[in-house]
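Labels A, B, C and D are assigned to the chains in the order they are written; within every chain, residues are numbered from 1.
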């Protein structure tokens, strides 16, 4: 059976259950499905967040996610994966990103999902701008995201 | 806000979307939700699997999952977690187990979900019996599951 | 003392639980497995590989050297295969 | 050659894209950042910390020493913060 790879950049929200269904429907060779939902949360302690605005580089965003999806497929025995990244204005409590991985075995599904999230954070061309009571500002990249992505580098 | 911990052993199937909703409804402090669905799959290459029958030790199963849920809550900053383990007869393609973890940060959610799955595999009192065309037999425990669980032992 | 059996231990013994009264010199889980294995053919078959058998006292996993005094419920079963 | 800008690079320059014709001695991405930074105040502001700027040629990440010859589209942006 062929692997199912779905990659979408969209303004609309996603439905985790429907995406899991699309990845597993009619199949009996899948033992593990991992989903990661990244959700917009209110600020850490400080000023309350009104919303995030997600900007992306159309064309490159899809290309970069596809490259990493292909790498995940080559590194782990996956039966399929789904990446959906939202763009536009997103308020606290709303979904930002979905990564789904399906495999015969749980370790492959977990590792591929973590790999994809680490790379989305550091390598896919998306930028977050935060709006709060004081105005709006671009989110700074975090060193720990680079460190998380670096652990997947093959020596 | 208090953490939400849900643990169920049941014959009925579960609905991932509804369980995610129960863990996240009305909250704005959650940045990451990881779900793991363990699914009954057809045999590996050999004889086709007709069904699994899951037996458990009532009372101890819930107690053992609760113990590990509490350990996960103490090791990672989770806003909630859900573990649902089905029992009874389950056919290929059907769900067996669900682990959901919610946290501010993705690493905590991923690690806690893997920890819970590794312990469910090796420590929660459930036993699988496989039915196929040749009859039925109990599934043997796998060394690699013990190895996966051992990595969480604190020295 | 109530004893419970699960999975193939239960199938081999032919019952899911029973009440037993082992003699006073049966002090540990390991002693109890040895004593049970001498209670007939079905028990000998269930406990033929004592190292494979796992035990729990009052819903907690215990090692073979755990003392059984005061236990309300002891369970014997094969390695777990849930998840 | 088409150039695109994203996030605060775009905001500082004040436009999302433009077509440029750098001189022949502008050979690498690093050269191009230096040349753009001299095209006016808004450019100087956008590229004031050249080490922070990331670049892509034809939708692939590239390093500052990448040659720009043959590029159809070059993009400049801050470190990414998606996911």
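Definition applied: contacts are C-beta pairs under 8 Å (C-beta built on N, C-alpha and C of every residue); 3 or more make two chains touch, one makes a residue touch a chain.
This structure is a prediction, so every number in the text was calculated from the model and none was measured.
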Q: Give the chains in contact with both subunit A and subunit D, ordered by label.
A: none
Q: Let me have the rounded angstrom distance from the C-alpha centre of subunit A over to the C-alpha centre of subunit C, please.
A: 48
Q. How many angstrom lie between the CA centroids of subunit A and subunit B, rounded to a whole number?
A. 23
Q. Which whole number of Å gives the spacing of the CA centres of subunit B and subunit C?
A. 26
Q) Which residues belonging to subunit A are in contact with no fewer than two other chains? A) 38, 117
(Q) For this structure, enumerate the chain pairs that meet the touch criterion. (A) A-B, A-D, B-C
Q.
Considering only the defined contacts, which subunit A positions touch subunit D in the complex?
A. 38, 54-57, 59-61, 63-64, 85, 96-97, 117, 120-129, 138-141, 145
Q. Inside the complex, what are the residues of subunit C that reach subunit B?
A. 4, 6-8, 56, 59-61, 75, 77-83
(Q) Under the stated contact criterion, what part of subunit A meets subunit B in this complex? (A) 15-17, 20, 24, 26-42, 44, 92-93, 104, 106-107, 109-110, 113-114, 117, 148
